[in-house]
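Okay, so subunit A shows up in both of these, paired with subunit B first and subunit C after.
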Partner chain A sequence: MFESPGISYATLWPVLLVLGVACAGVVVEAFAPRAARFNAQVFLALAGLAAALAGTVIVGAGPSLGVSTGEGALIVDGPGVFSQGLVLLVSLGGVALFAERRLDNGVSAFAGQAAALPGTPAERTASQRGLEHTEVYPLMMFAVGGMMLFCVSGDLLMLFVALEVLSLPLYLLTGLARRRRLLSQEAALKYFLLGAFSSGIFLYGLALVYGFAGSMSLAEIGEVAAEEGSSPLLLLGIGLMAVGLLFKTGAVPFHSWTPDVYQGAPTPVTAWMSAATKIAAFAAMLRLFYVAFGAEGDIWRPAIGVVAVLTMLLGASFAVVQTDVKRMLGYSAVAHTGFLLTGLLGVQTDAFGSTQAVLFYLTAYGFATLGSFAIVSLVRGPNGEAGALDRWAGLGRTNPWVAATFAVFLLSMAGLPLTAGFIGKWGVFAAALGAGQWPVVVVAIGSSIIAIFFYVRMIMLMFFTDPSEDAAAVVTPSYATTIVIALSAVATVLLGVIPGPVLSLLVDAGGFIG
Partner chain B sequence: MLTTLVLIPFVGALVTAVMPARPKLWAFGFAIATLIAGIVTMFTAPDTDRAWMEPLGVHWALEMDGFGKLMVLLTVVLVPLVMLAAVKDHDKRWYAWALALEAFALLTFLAADLFVFYIAFEATLIPAYFMIGQHGGPGRAKAALKFLMFQLGGGLVLLGALIGFYVVSVEAGPPSYLISDLAQLDIGTTAERWIFVAMFIAFAVKAPLFPVHTWLADTTEHATPPTSVLLVCILDKIGTFAMIRLCLGLVPEASAWATPVVVVLALISIVYGAVLAIGQDDLLRLIGLTSLSHFGLITLGIFAATREGLVGSILYMVNHGVATAAMFLIAGFLITRKGTASISSMRGMEKATPVLAGTFLIAGLATAGLPGLSQFVSEILVLISAFDYNWLVGVIAVTAIVLAAIYVLWAYQRIFTGPAQLSRQPVRDLDRREIGVLTPLLVALLFFGFVPGPLISAASPVVDPIVNVIQAGE
Partner chain C sequence: MTDNTTAYVILSAILFTIGTIGVLTRRNAIVVFMCVELMLNAANLALVAFSRMHGNLDGQVTAFFVMVVAAAEVVVGLAIIMTIFRTRNTASVDEPRMLKW
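Right after this comes the complex of A and B.
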């Protein structure tokens, strides 16, 4: 007799709402006239995300928090809901950046007609008619839905489904840049091929783990592993699954897509994706490693430690030699993955432990990266965004406010006190040191010094260097982008000066439940 | 009340930055207000202690003991003087940053919580970075970057120590970053030593000491003299301040363990800094390097860890602040007249600018430790402690006095004596504003040279508990 699993709609409605809005977006795309689509899509996306964000707050504050629903496929607990809220917050900013049409003569940053080959008459016609793809909004909403599921997945299968739901739209969005389309398409293909491989590897690892434990549920896997001890089957499974997740987060040696995709993707997509994907992937990774593989900590911690060390060192060192601002931020994202992995090495505690540290770091990083890429999209020359670093010289003199705001984000990423990044860095280092991982912390401190160099050099370039001949200019954006940048900057400073409320919220949210 | 003392310059920085009319006057007004607040709080202010980041055990805790009072006094007095000296060739950005720097520097001297101290310690760097990078010679951007990289590098190493304290604190119970709580912690020997090493590296970069001093001369060469005053006379003091407060105060056993190495580094700094100073042609580099020598002596006095040594070092920090501030400012006045900082392109200045020459000589001789000027007292105390520690150390340290006489007098001889240079425009002597800036500093040098009592009585109560702990350990 087949029994249908009980679903706790009270805790899942924000996710379902986002996925519903995504479907509605597809319907709008099919039936609404072209002229009305843009407004309808933007409204749907913003309203849906805002409502879902309110929903996560209600769920997070409500009594039904901490339920395991759908036969354990979804576990709505404190850290999961927190990361869902974070994804939604970043995505709201993302929609605002997607909808920006004042930077490039009244059209968005997305290709007019993706099917038109670059350099053909078809492309020219499309851009003359001012066409644009409003499908990006439903695509984004699907990805957001996938990310939200990823944050609360309680079994392996759901983990995989959510991973795919969030990944596929990202591959598409990466390839939709209006300018430098070949670069964008190349990035999309690279991202897709490598992503597909890593998904395959993840699935293989998943199968091995199932073969070991005889269950898909993370909690049951954890129990079986604790009882039976480690077996080669389990360890191989852990390793392969880790590869899949480390790929998504851009950890060395699975990072090679990161700078290319960050550079090639339309900047609004980079801004949103770099923040949101990392949040979702780390939320899932924390849950997987603590709940399912917690008993094997002695085995995966050294391995993750090595990955963290490599990621920090390589990310920071390569960022130093970049000459393009998006690539530099791409490698800096790799370095931040390393710092986050350092936090993963800690242990779950009732007080301020590893989970809290990583989630706070993600909050800090999310705002900083969203804001900094938004600023990158404003700094333009005659042929679109001014990527080359030397064209940013002297920006602090011509546009002191923009440069100063960018400096705030850079300083936060560098981890200077009175910015959110500092508390984040303090947290992940403290978590790792508390677990006795001092060699990794030493490397992390060393990498931070390298990282500071390229952030500070950027500030030096903006404020202390004279503008070059083809210096970039700042284009005045619409209110939406301005608000995103301003709010990100305010959040970055506020979380650095009074992090208390968010820290308490994280401590109250507790750990992951099995 | 102590919070107000920090807030006044901080608010002043924001006001100065946005004020369209007469921003420098506003900035000066805020600096004077800070001076008044600083003096008032010295007599009346109760300690502050309230929770700030509870999950991390961070308190917004401020207190002002005798040591803190001296450093606060030095800071609040120097800032308005420097602002007065800087008025001609610095714009409002510099004034805003100067006030921000003052706010964070005061916070480091007042912090009774290690986390607060760390935040302020790092936060001082941003104003300093912009002050170096936005005003000064053509090499300023590189100098600013070098300065910031050294300081932030040291700061991150200190972050390791900060986190180390947290980890130990959590193991013992609910975490607390209050310095008084951290002093009670039972830290294992190995952990304590690591924490000491991390802290010492950070403070040695700050102070600075050999071999992490290389940013100092580049910075003073390319920054403007008023910036250098704030950096060397206030900011660098945080390094030696923290050596006493945090190294000796929190990890006394590890400090005693490391003393031989620290003493050697201090001795190298003393001799090497002075020898380098003698050979400099750039006047600002010269003054920067003399400070390396002086910081060596201060560190020596601290780690010799006798009563005389510690009192001497605390006095030294104040006196060095005053004397070196005077040196930098006088050099700045000289350089604006000559258009160059190169000693070899100046001579015979005492005929054209007798007042300037006189002030230079007084400040220079104070730096060289002439009896009757304030630095002499502190130097003698430090040297006594050095001889107590080991006679050989004392002998090497004493060379500082000889070398100092050489670098001061030889510089004076090259710049001011000899036949006057012919120039189309007559070189003016110090004007009223410049004399007004220097007078308080020179009076302080003379006054504390003859009446060091108030300084000693302010420093002694701070020193006694530290010395008691160390002697109990032995």
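Right after this comes the complex of A and C.
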């Protein structure tokens, strides 16, 4: 006899709302006249995300926190809801950046008509008619829905489905840049092929773990693993699943797509996905490793430690030699993955453990990366964004405010005191030290110093170098982008000066449960 | 694990290995993509075999979801490969090399 599983709509309605808004966006795309689509899509997306954000706050404060629903497929617990809220927050910023149309003569950063070949009359016609793809908003909503599910997945099947729901729209969004379309299409191809490859590996690992435990539920896998001890089947499964997740987070040796995609994708997409994907992927990774594979910690901790060391060193070293701003920030994102993995090496505790440390780091990094890519989209030349580093020289003299805000984000990513990044780094290092992982922490401190070098070099370039002949100019954006940059900067400084409220919120949220 | 299951799991491991080697060595994006599909189907075979071994339906249900996901992936993947092919008249994964280091 089949009994339908009970679903707790009281805790899941924010996710369902976001996915519903995505479907509504598809309907708008099909039936609304072209002229009305932009406003309708932006309104739907902003209203849906804001309502869902309010929903996560209500769920987080409500009594139903910590329920397992849908036969254990979804676990709505404190850290899960916190990361959902964080994803929604950066996605609100993402919509504002997507909707920016003042930077490029009244058109958005997305291709006028993706099907028109680059350099053909069809493309020019599309450009002259001011066409734009408003499908990007529903695509983004589907990805946000997938990310929210990824944060609260309680079994392997939900983990896989959520991973795909968040990935597929990202592949498409990467290839939709209006300018430098060949670069953008190449980035999309690389992202797609490597992403599909890694999800194949993830799925095979999933099958082996299921073969070992006989259950899809993370909590039950944890129990079986604790009882029966490790078997080759389980270890192989953990390894293959780790490869899939390490790919999504951009860890060495699976990082090669990160700088390519960050450079090739339209800058608003880069800004949003560099923050949101990392938040969702690390939330899922923490839950998987602590809840399902907690008993095998002695085996996966050294392996993840090696990956963390390689990721930090390679990310920071390659960032030093880059000549393109987006690419440099891409390699810096790789280095940050290493720091986050350092936090994963710690253990979950009732007080400020590694779950809290990693989530705080994600908060700090999310705002810094969103704001810094938003600023990258403002600094332009005659042919679109000025990526080359030497064209940024002297920006601090011509546009002190923009350069100073960029410097705030860079200093936070470097982890200097009085910025959010410092508290974040301190947290993950303390968590790893608490678990006796001091060799990794020593390397992490070394990599931080390498990282400070290239962040500070960028600041020196902006403030203490004379502008070159073809120096880039700052284009005045609309209010939406200005507000996103300003709020990110305020959050970056506030979290560094008074981190107390967020830290205590995280401690109240507790650890991941099965 | 009964001998019967072992045979299926070994077959799935062989298919998975063929798929992986194909992704790493083939140069045509379409063939690379077909190798990824082979990896997904290898996982499906393992899921169904384990499902029978454990006597529950979880693995079989998952296999259905994987098929749906694979179909969705084809839609997205072929769209991306098509645009690249129309721009460059080649589907080789070595040809586009503007993004390096």
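What to note about this one:
Please note the rule applied: the second predicted complex is superposed on the first by the 514 of 514 C-alpha atoms of A that agree within 3 Å, B and C clash if a C-alpha of one lies under 4 Å from a C-alpha of the other, contacts with A are read in each partner's own complex, and residues count from 1 in each chain.
The working rule: a contact is a pair of C-beta atoms (placed from the backbone, for glycine too) under 8 Å apart; a residue touches a chain by one contact, two chains touch by 3 or more.
The shown structure was predicted, so the numbers you read here are calculated from the model rather than taken from an experiment.
After superposition on subunit A, the partners subunit B and subunit C are accommodated together without colliding.
When the shared chain is aligned, no partner comes close enough to touch A:373: not subunit B, not subunit C. In the superposition on chain A, A:206 contacts subunit C only, with no contact to subunit B.
With subunit A as vertex, the superposed Cα centres of subunit B and subunit C define an angle of 140 degrees, given in steps of 10. In the superposition on chain A, A:214 makes contact with subunit C only, not with subunit B.
Applying the stated contact rule after C-alpha superposition, one finds that A:290 touches neither subunit B nor subunit C. In the overlay built on the shared chain, the residue A:454 is in contact with neither subunit B nor subunit C. After overlaying the two complexes on the shared chain, residue contacts for A:442 are found with subunit B alone; subunit C is out of touch. When the two complexes are overlaid on their common chain A, residue A:433 makes contact with subunit B while staying clear of subunit C. In the superposition on chain A, A:512 contacts neither subunit B nor subunit C. By the touch criterion defined above, A:197 reaches subunit C but does not reach subunit B. Here's the short version: in the overlay, subunit B gets within 25 Å of subunit C at its closest Cα pair.
According to the touch criterion, subunit A has no shared surface contacted by subunit B in one complex and subunit C in the other.
Across the complex, subunit C meets subunit A through its residues 9, 12, 16, 19-20, 23, 29, 32-33, 36, 39-40, 42-44, 46-47, 49-50, 53-54, 56, 58-59, 61-62, 65-66, 69, 72-73, 76-77, 79-81, 83-84, 86-87, 93, 96, 98-99, 101. By the touch criterion given at the top, residues 351-352, 356, 411, 414-418, 422-423, 425-426, 429-430, 433-434, 441-442, 445, 448-449, 452-453, 456-457, 459-460, 463-465, 498-500, 503-504, 506-507 of subunit A touch subunit B in their complex. Within the complex, the subunit B residues that touch subunit A are 51-56, 118-120, 122-123, 125-126, 129-130, 133-134, 140-141, 144-145, 148-149, 152-153, 156-157, 159-160, 162-164, 166-167, 170, 175.
Contacts from subunit A toward subunit C in the complex involve residues 114-115, 117-118, 156-157, 160-161, 164, 168, 171-172, 175, 181-183, 185-190, 192-193, 196-197, 200-201, 203-204, 206-208, 210-211, 214-216, 259-260, 263-264, 318, 321.
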